[in-house]
Each structure stands twice: as structure tokens, then as C-alpha cells.
Amino acid sequence: MLRQDGRTHSQLRPVKITRNYIKHAEGSVLIEVGDTKVICTASVEERTPPFKKDSGEGWITAEYSMLPRATGVRNQRDISKLKLNGRAQEIQRLIGRSLRTIVDLKLLGERTITIDCDVIQADGGTRTASITGGYVALVDACRKLRDNGLIAKMPVTGFVAATSVGVAAGQELLDLCYTEDSSAEVDMNVVMSDKAEFIEIQATGEKSSFGKSQLDLLLILAQKGIEQLIQIQKKALE
Amino acid sequence: MLRQDGRTHSQLRPVKITRNYIKHAEGSVLIEVGDTKVICTASVEERTPPFKKDSGEGWITAEYSMLPRATGVRNQRDISKLKLNGRAQEIQRLIGRSLRTIVDLKLLGERTITIDCDVIQADGGTRTASITGGYVALVDACRKLRDNGLIAKMPVTGFVAATSVGVAAGQELLDLCYTEDSSAEVDMNVVMSDKAEFIEIQATGEKSSFGKSQLDLLLILAQKGIEQLIQIQKKALE
Amino acid sequence: MLRQDGRTHSQLRPVKITRNYIKHAEGSVLIEVGDTKVICTASVEERTPPFKKDSGEGWITAEYSMLPRATGVRNQRDISKLKLNGRAQEIQRLIGRSLRTIVDLKLLGERTITIDCDVIQADGGTRTASITGGYVALVDACRKLRDNGLIAKMPVTGFVAATSVGVAAGQELLDLCYTEDSSAEVDMNVVMSDKAEFIEIQATGEKSSFGKSQLDLLLILAQKGIEQLIQIQKKALE
Amino acid sequence: MLRQDGRTHSQLRPVKITRNYIKHAEGSVLIEVGDTKVICTASVEERTPPFKKDSGEGWITAEYSMLPRATGVRNQRDISKLKLNGRAQEIQRLIGRSLRTIVDLKLLGERTITIDCDVIQADGGTRTASITGGYVALVDACRKLRDNGLIAKMPVTGFVAATSVGVAAGQELLDLCYTEDSSAEVDMNVVMSDKAEFIEIQATGEKSSFGKSQLDLLLILAQKGIEQLIQIQKKALE
Amino acid sequence: MLRQDGRTHSQLRPVKITRNYIKHAEGSVLIEVGDTKVICTASVEERTPPFKKDSGEGWITAEYSMLPRATGVRNQRDISKLKLNGRAQEIQRLIGRSLRTIVDLKLLGERTITIDCDVIQADGGTRTASITGGYVALVDACRKLRDNGLIAKMPVTGFVAATSVGVAAGQELLDLCYTEDSSAEVDMNVVMSDKAEFIEIQATGEKSSFGKSQLDLLLILAQKGIEQLIQIQKKALE
Amino acid sequence: MLRQDGRTHSQLRPVKITRNYIKHAEGSVLIEVGDTKVICTASVEERTPPFKKDSGEGWITAEYSMLPRATGVRNQRDISKLKLNGRAQEIQRLIGRSLRTIVDLKLLGERTITIDCDVIQADGGTRTASITGGYVALVDACRKLRDNGLIAKMPVTGFVAATSVGVAAGQELLDLCYTEDSSAEVDMNVVMSDKAEFIEIQATGEKSSFGKSQLDLLLILAQKGIEQLIQIQKKALE
């Protein structure tokens, strides 16, 4: 049975990665996953957060936000409410953790790379698109550091990409769009490396709990999708 | 003498207006003025601010923001500082005032249209690009209201567009890019209607005061540019 | 090989649940998991959040905080920084989601139960202790509603408890204390129901990625621990 | 005529001070005064506030807060409102001032001791319990500094304790519980030293003004109560 | 021995009350006590705070602030720090409580009078000057309500005024100016009614504790000063 | 046709500048323009903002605020809303820019002068009165610096004053009071130097756009008014 947009259950949406999207940033990408569009920029700053002071190491951090009308209904800006919304905080912590796993902070040296992920149009999977696209922006920023002689060796040690999987109407699905996601019984975001290992799994069964065999099926779907995403990253970075 | 990008003193940068840029919004535009790129969305909400309660009239308001890396150096997000920066407030008040001059709020009825102007890449003239692009998004949102039978008649009563002019190295220039703007002795933002009348003039001589004859020259340049911008709006809206 | 506190790799710390700990709250519990101590109160309010207005359904929400000196080093209060810290937001969203899975919101009726989880002493596993203890406080609050004739039937449809598992020094461990947690290569929080199904899995490999077989081992450990925790909840609620 | 809990007008509620209540803090106490329960921790930090920079002196400061459900009705957390409530600010300033009177800041050296008073259950007299209990936590923290050789001599120069007195139903009462306090015509918090001298008097007659003779009677009651509280502190500190 | 400004120990500074100082306010006063100058306005609003909803009663509240340069050193505005400073909160709560004691809230009806006390020049005793001056503004606002037929009868039931007393260089002093106040061993603010009864006493001995006989002496001084202040209020209100 | 207060269309309201109004400030002025009254203080601080660090130059900045009851209806304080209102931000940026044009920041040296403009009574033209009055306070502060030997030479290089002009009921008017301003079709604030040159023009046609000839008429009116204001400044500074 095909999905609303004609995909099979194990098919990713079309993915497009446009590099050098914002001229000012050291790395910048527009990633499109179906109708989800995220601008990911990587900004290098020659300073570290206080907890890395004099450690000889750098830091990777991320910020995530949506334009007010990235969604069907307009959202108030955080600054209007004077509160960073909880969902955004959760997501930016996830992006930062995921990208740090494939960076050698010693090789990066005492500098910070901030990955800003700004969703300009949302249709499900914005956090996983942010990781997949943010990775490419990060690599570009590191290449620029290396080409400018600021670092001797690329600090990026591997690939990392992410996708969502879930169970909707009783069926396991790869890469949920917004309507699938909002009706899903089980929803799961998976971050993996190019060594086919897990970096982060966030599985939630708000509408129904799930058993081990269902988890296993979902992880297989996720792995299949992430392998394809890493191929797309590799091609984009050529 | 030509300018750094090869323009004459009275020449606009290339302007491109892409309509329907964000699928969720009632009106949405990507406006590009040289390297300045702003996403303008118009969102309709069926409620009015308290001061328009039971007035039979609607309201037009605007919000303006920049992505952190829209500029050469990364800016902290407002929410990180818990303060909406003063420049942004000033600009969004200007955008709202300018667009309200060409809307019949009675015809709009008791609803609010919010124009969100999010700068994704900045190279001077972001506030004037926001007005010029925001106008087109506003018209599209009103057309949708009319086509859906929510309003009987278009509430938009005319055209409005804006540009900057200034004096740099002693020469009057139209449509300053960032490097021209940051070295300008006099800097001026002009908003005009299609009746060749002024809606707003903001002229600042922080580095040097300016005389009446210089003001007159600048206003002529501005008028010339705005006439062209309104032609571009008209073509985009066909 | 025994752990620093003499436990085997698959052994929970001693767990103690003291009911009716705060006299004002409809439900209240002090849960102690080793040296981790959390006060969980369940407060009933006869109103719902706006998004549940006139739905005939109630809502369960949670807030999580630590006393400034619950940890080895004093933390500034959120209000001093005017920011709810990201970790706390993430955790309180998890607690809320987990507890909602076992509540029939229709049976609860149009009222809100807020589960406040305040950590008075932290030694690892504060979020999972909050879920396990918060569940008991929630049941007590529902019983009070039922005993007072405000609801006809208990809206709690099952049990939910949570624990952490992780890999430290290459070994899979159940219920990590703080020193184990801070050196863990893989860290995982698991929430399960009494039907031996998963409600939430949050697995993070910041220091090293992890394979499927390791994931399977950790989930078995977690399930074993949670079965015991549910027994402890049952005994406490007798 | 006996009071609602069987006490005479000049009788304190049962007071219990449990030392070393939180394992991480340099000093920590659970003080129970009737049903009022406050966790007081004393945290030592090796830095001073800016206004004590290079003064050779240290500083004592206090923070006061209530758990949301310490009271009959749940209170929103300060961080939800982005405002530290006025009552809490007033109280923490009082606690800080009171405890500073019995500390030789020169002997303390350039370090700060923060007394965190977190009310876990409130039944009247939370501010005075915080002072009485905070004192004991402070002494414990100073002893630890001395025992670790960080200071040569105890900087604590005397005892300080506090209680409330008031007039309810025309009668002068010592140590008001919540129901007495909320109906009191005159309400007074008194802080005294072991030299039988006043450190702070805060007397309020919101419902009715009061004369000098009534003030005198209340001060005698307060002094009697504080003498007993200092005995309890002495016993606890043995 | 005379004081630095030539006063005896029991002498008030010159007090001047100028009514109708701000044309927009229902009541407004400039009160000058020596070099301390406070603008007090009383604003009537036809609504009550939520906790007085449908009570048939009104409310009196106060706000207190200082201009940034009211003091020797410029203070940052609260809004720059996003925090209402603790001292101001404490003071405005005191002003509100004090003025409520002499208002019959039933007679006031369901409306709020806000007393804004803005210190334009500070030289000690700003909080007590705010009470003394705020009282006059409050009376004027109530008279306007009565003269406009909005209330049948004056809701003000008596007089209230305030002054400071303290011990400096071992001597009891009435009405401390800033230099006296900042070196005082004991500092006390006293609010009294025209029935020679106390409404509020706030006595603080941060630098040294104080005995009962000293307290008695200070209260006599305060009473003498307040009697004079009430005479000045009476004359101003003629 | 005379205006409501008997003025001709080209007549300023009575202007009064009282120097040394606040004893603590290095410069301070009460400026009265009709019923508009603003306290302007100039505070010198021996530090610069970060962006002027080690530049050898100083900085001039301004803050603008209104007392809550400076207007017909009481306004909530910014701190109650935790937001600096947009209008105030816009105005204080304008004041700062305007005053910086006539200060040689090199001669000022590495110090900051903050001009605080606090409106105690508003009747139109508060921003322009703040510039005109703030200028005098600034000169006084610079004179004090010079007289104390802290700077060798006056850094103030000229005069600056400001007024409003506008079109109401079809007539061009100088120096609008509040009722004129609120019904004006075109509203314009003009800042000029004593060289009869423009420093800032802010012209707004929210109710109706305006042509070039109307602009010219308004600028002539403004120039006439500003010439008089500069005479008043000169006289005040003698």
C-alpha cells in the first residue's frame, strides 16, 4: 500500500542539499527533505565556552529555530514570549550532541563552531534534516579552516545522518512527513554514523507503547534510510 | 565613476521577487535585492489586537528579524539575550506603518495580517527590501481572502515600495549595499506610494550633517528607484 | 566484578517510596533511589490548558527542578538567569509524556494534574526516579478524586516506571549512579509499562556509538529493572 | 484559652533540626517547626561578589524559595512568570542581613557562603524557620572550613534565631501557624541574638494599627521564644 | 551637638508638599524632604485585581522606582537588567500596605488606585517620603472621585505618615539623611496613623544589635516626627 | 487662524530650561516645552562600551523613559512587562545619534556620558524636547570634566536642537502639542545643528502621504523653530 505521497513504507522523500547557500557563513547548506526546508549555517568563532577554557579543545554547539510561518499556523516568536520553547531546546541539544560525536575536538583547537538550523518550511523531520544538513555545513567550515591553514588536519572523523521512523495506522514507515507524524502511534528519531552504529535513539510511544520486535523493525528501516542519506552527503561534499 | 559592483550612482541592484515561496503562508515572497535576501510571509489571523476590538476594522502588523548568520559576523539570537534588539523594533514598526498606509482597514474586516520579514542574507537595505517584498506578500494574502469570499473587495488601495539613498565619498547614491552604507556620511530610507508621494522619510547624518540641496538630490534619486521597484512589484503580481 | 557501591551489573540501588510526604498535595511522594531523592507532588486543578478547552478531557503535565545544592557544585537558580535550563525542560516533557500514556484523559475529566518533581539530592537517575515516583503521586491524586466522588472511575490504566542503563568501562550496567553516569560511553533512559512494552527510549552515545547487540543487552537490563520497580510501586500503593 | 493545636499563647510549636540532611552541601539542615519544613543548605564558594573584591572580606547571602506545592494551593514557579516574587526577595534579603550580623567577614576571608532556604512544606513562620535553621547550616559550613584548615578561626561570633509573634482575636500569640497568621490583626517577625538584643523587627498592622503597650507585650513573647530556639540550636550543634 | 546640616537630633528636615504637580493624574504631589524629592501620583482605574473580582471592594497598590541618576552614582534601569530590584519591591509592598490601612475598600468600590512613587533625587528617607507624599496624592484622587459623584463618601479613614529614625555615632536621630543613614548602626522606618498608633515598624541592626531601651527611645523620636508630618499633610490638604 | 492654545502656525510653545536640576548628576536640566516636562541628566562614567575599548575615544548614549502617569492614561512600567517598549528604544537611539554628531569623541577620551531623559509630564514633542534639553545637560557635564582638568578642551563642537512639525487639518504647524499630534496627517521630527544643516529627519505620513512641496514647507517651519531653540540653549548656557 502506497503512502499519501506515493512512497513505499521504506522510501525516503527526495533529498536535496545545496551548499554555499549563505555567502557570509564558513559553511552553509539548504537541505530539502520533501517539503521540509532548513538553512544550516556553520559559524566559526575563535573562542571557546568557559568550560573548555585552556583545554586545548574546541566545541561544537547548535541552535534550532523555526520561522514563525514555517508551519501551517503562525507561531509567535520566542522573543515575544521571552521563552525559548522546550521543543527547540531539546532539538538543539540533540543536534549538538550528534555532531560532536564525529569531531575530534583536540584537532579543532580552541574555537567554537555553531551550527544554526533555521527551518524555513516545516513538513515533518525538521530535527533529523537539521542533523543531516548541519553535518555538511560543518564539514565545509572545517575545510575552510584547513584550507586557510588554521588547522593542520580535518577534525571530522566520520559521517553522521539522521532520519525519523514511526508506526502509523499499524504500519512501520521511514521518513514521516507531517501528516504521518502527527497521527503516528510510535515516533522515533535515529542518528547513526557511517559505521552503521547508533549515536542517538529517541523513541516515543505517546499514543501506544511498543514491543521489542516493532523496535527492531523500525531500527532496520532507519538504518536503511540513513545509509542512503550518507550517500547523498558524500555526493554533495564531492 | 562606477560603484564597486559596477553600478552608476542612480542604479538599483538587480531585484527578484519570487512569490509563493513558503507553502503554508497566505502570502509569501522571497525578495532578493542584490545579495540581500528576505523571506516575507503574510499570515492572516481571524482576530484583532485589543485596541481594534469591536471597531469593525482589522490590523496590519510586521515583525523583522535576521538569521544569526545573515551577516558577516554571527549575531546572537534575541532570545539568548532575552531582548528584542532596538534596531529590529524600529524596523518592524516602520514596515507596519508603511504597509498600513495602503490598506483600508474597514474593508479588511476584523482580522490581522502579520508580515514576517526574516532576513536570510544581509547586504544593506534589508528594511527597504522588507517593505517592497512585504507589500507583495500582503497583496497575495488579501487576494486569497477575496478569492475565498472572506472579503468582498480588495482592501489594498495602492502600491508602496522603499529604497535607501545616501552620500558616500561625497557622492549621492541610490540603493546602498552594505559596504557603501557602512561608510556613508548621510543615510536615508525613503518609502513612497505609486502616487509619487512620500510615506516615510528617515534621514540620518551621524557622520556629517546635510543641507537642503543635498536632501533634494537624494529624494530625486529615491523617487527614481521607487518608481522602478513599483514596476517590478506590478510585474511580479501579474 | 562488583560496582563501586558493591552492586552487580544488573542490580538496582535500594528504592524507597514514602507516600503522603507533603500534607497539602493531593498526591505526594518522596522517592529515594540510592542517594537520589526526589519529592514528587501531584496537584489537581479544576481547569485545563487552552488546547483542551471544551474537549471533555483533562491533562497531565510535569515540572522538574533541582534545589541549587542538590548537586556537588551549587547551581544558580533558573530565575537568577531568567532561563529555564534546557535539560530541565527536556526532562519535564519526558515525565509528562510518560505519565500521560497510562491515563485515560476522558475519565479524568476537564481538570489538570501537575506532577512537580523537585530533586533535593541528586546522584544519577533523577529523571527516571521522577517518573517512577511521580506515577505513585499521580495514582494517589486520582484515588482522592475518586474517593471524593469527583470522578467515577480510576483514570489510571496501568503502571509506568523508568530506569537508566548504560555502558561504562565496557560493561553494561543497570541503574547508573552519578559517577558511573558521568563516565559512561553509552547512556540510556528507558520507560516501560507493566505490559513489558516500551513507552520511551532515549539512548545517547556521545562518547562512542553503539551497535544493535549492545542496544539489545541494555534493553534486557532495563526491562529487568523496571519489572522490579513496578513491584515496588505496587507494594507502595497497597 | 488554648490555641487550635492545643498550645498556650506563649508556647512554640515542636522544633526539630536535622543536620547533614543533603550530602553534597558544606552545611545542611532540615528544620521542622510544627508542620513548616525548610531545607537549609550552606554552600561555600571561593569567590566574592564584585563589591567585596580585594576587600579581604567574604560575604554571606541567602536565597529563599518554596516548592510549588509547599502550600495549600499550588503556586506557579518564578521561572514560569520570569519574575522573582516580591515576598521571596524581601525574605531572602532579611535572612542574609540577619546572618551577616553574627559573622566576622574578615575571618571568613574572600569567599561567599550562600544559604539556600527551600520550603518544602509551609505552615506559617517559614522566614523565621529559615533564619533559625540557616544559622545551623552556616555554622556547619564554617566548621568544615576550619577543620579543612581553610580558615584559622570560626568567623561565627554568636547565635541568631527568629520567630513570629502576632495578635489574633485580640490575643498576643507566639509562633503563629498559618491559620493564625492569616487572621492576625498584627503580625511581627523578630530576629534576636543570644545577647537578648534585637537584630531585626518587622511589625505590620495591615488590619489594625497597634499601640506601644501591645508592641511591648509582643516583644516579650518573641524574646521568650527566641531564647528557647537558641537552646535548640545549641543542642543541635553539640 | 548639632548634625551635619545643623539640625538637632530630634528635628525633621524641611518638608514641602506641592499638590497637582502632574496635570494628568487624579492626584499628584511633589514631596521634598530636605534634598529627597519624590513625585507621587495616584491613578484611578475602573478595574480590580483578580483576587478582588466581584468582592464589591477596590484595591490600593503602589509602585516605587528611582530615576537612574537620583543617586550619587548612576544606577542601571531595571529594564536593562530585566529584574525589578529587591529593594524597590520591598518598598512598594510597604507603601501599599501602609496606605491600605486607612482606606475603606468597600467605600472605594471596585476600582484600583495605583500610587506611583518616583524618586527624582535621593538623599535618604525615600520610602518614608513616598508614604507621606503618596497619602496626599491618594486623598486628592479620592476627593476627585467624590466630587465627580463616583463615590458617595470619602473612603479615607484617617492619616498616615512615615519617617526614619536611627542610631549613628551612638546617638538616636530623627529623619536620617543619606550620609547619616549609610553610617547608622541601627536603622528604622516607622509608619504611624493620626491615632498615634503604629502601622509598620521595620528596624534593622545590621552593624550592631540593639536593646529594648534604645528601641523605646527611637520610637518616641519617630512618633514626634510623624505628628509633625501629619500636621504638614493637613495643611497641604486644606 | 490661531491654534487651540492661541499660537500661530509657526510659533513655538514657551520653552524653559532649568539647569542643575538634580544635584547628583554631572549635568542636569528640567526642560519645559509647553506642558511637556523632561528631566535630562548627563552622567559621566570612566569606562567605554566594549566596541570602543582601547580606541582612545569615548561614547555618548541615551536612555528615554516616561513616568507611568506622564500621560493621560497610566502606562504599565517596562519592567512589569519585561519589555522595553519599541517607541522608547527608537527614541533613545535617536537622541544618542543626534548628540553624538556634535561631540568629538577623541577629545572626550575613554569615558561614557549617558543622557537619561525621563518624561515627567507629556504633551507632545517629548523626543525633541529630550534632544534640546539633553544637549544642555551634556554641555554642563563636559564643562565639569574640563573644569576638573579631566579633559583639556571642550569636546562639544556645536549646537543641536530639535522640534516637531506636522500637518493637521490641512495646515502646516510648528511644535505640535499632544492633541495636534494625535490628529496630524503628517508628523515629522527634525534635528538640526547651528549650521542650519539637518542631522536627522523622521517624517511619517501614516494617515496620508505627502508631496515634496509640503515637505519643503515643513522643513522651513522646523528650521525656524530650531533657530529659536538654539538661542534659548545659548542663553541658558551663559
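When the chains are written out, they are named A, B, C, D, E and F in that same order, and each has its own residue count from 1.
Operating definition for what follows: a residue touches a chain if its C-beta (ideal position, glycine included) is under 8 Å from a C-beta of that chain, and two chains touch if they have at least 3 such contacts.
Because the structure is predicted, anything quoted here is derived from the model rather than measured.
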{"item": "Topological distance between chain B and chain E, in contact steps", "value": "2"}
{"item": "Chains touching both chain A and chain E", "value": "none"}
{"item": "Between chain A and chain C, centroid-to-centroid distance (C-alpha), Å", "value": "28"}
{"item": "Centroid spacing, where centroids are CA-atom means, of chain A and chain B in whole angstrom", "value": "33"}
{"item": "Whole-Å gap between the CA centroids of chain A and chain F", "value": "50"}
{"item": "Residues of chain C whose C-beta touches two or more other chains", "value": "82-84"}
{"item": "Topology of the chain contact graph, where touching chains are joined (line, ring, star, complete, other)", "value": "ring"}
{"item": "Chains in cyclic order, anchored at chain D, direction fixed by chain E", "value": "D, E, F, B, A, C"}
{"item": "Complex contact set, residues of chain A against chain C", "value": "82-84, 86-87, 89-90, 92-93, 97, 100-101, 192-193, 195-212, 215, 219"}
{"item": "Chain B to chain A touching residues, read off their complex", "value": "22-25, 28, 35, 39, 41, 43, 45, 63, 65, 67-72, 74, 77-79, 82-84, 114, 116, 118, 120-122"}
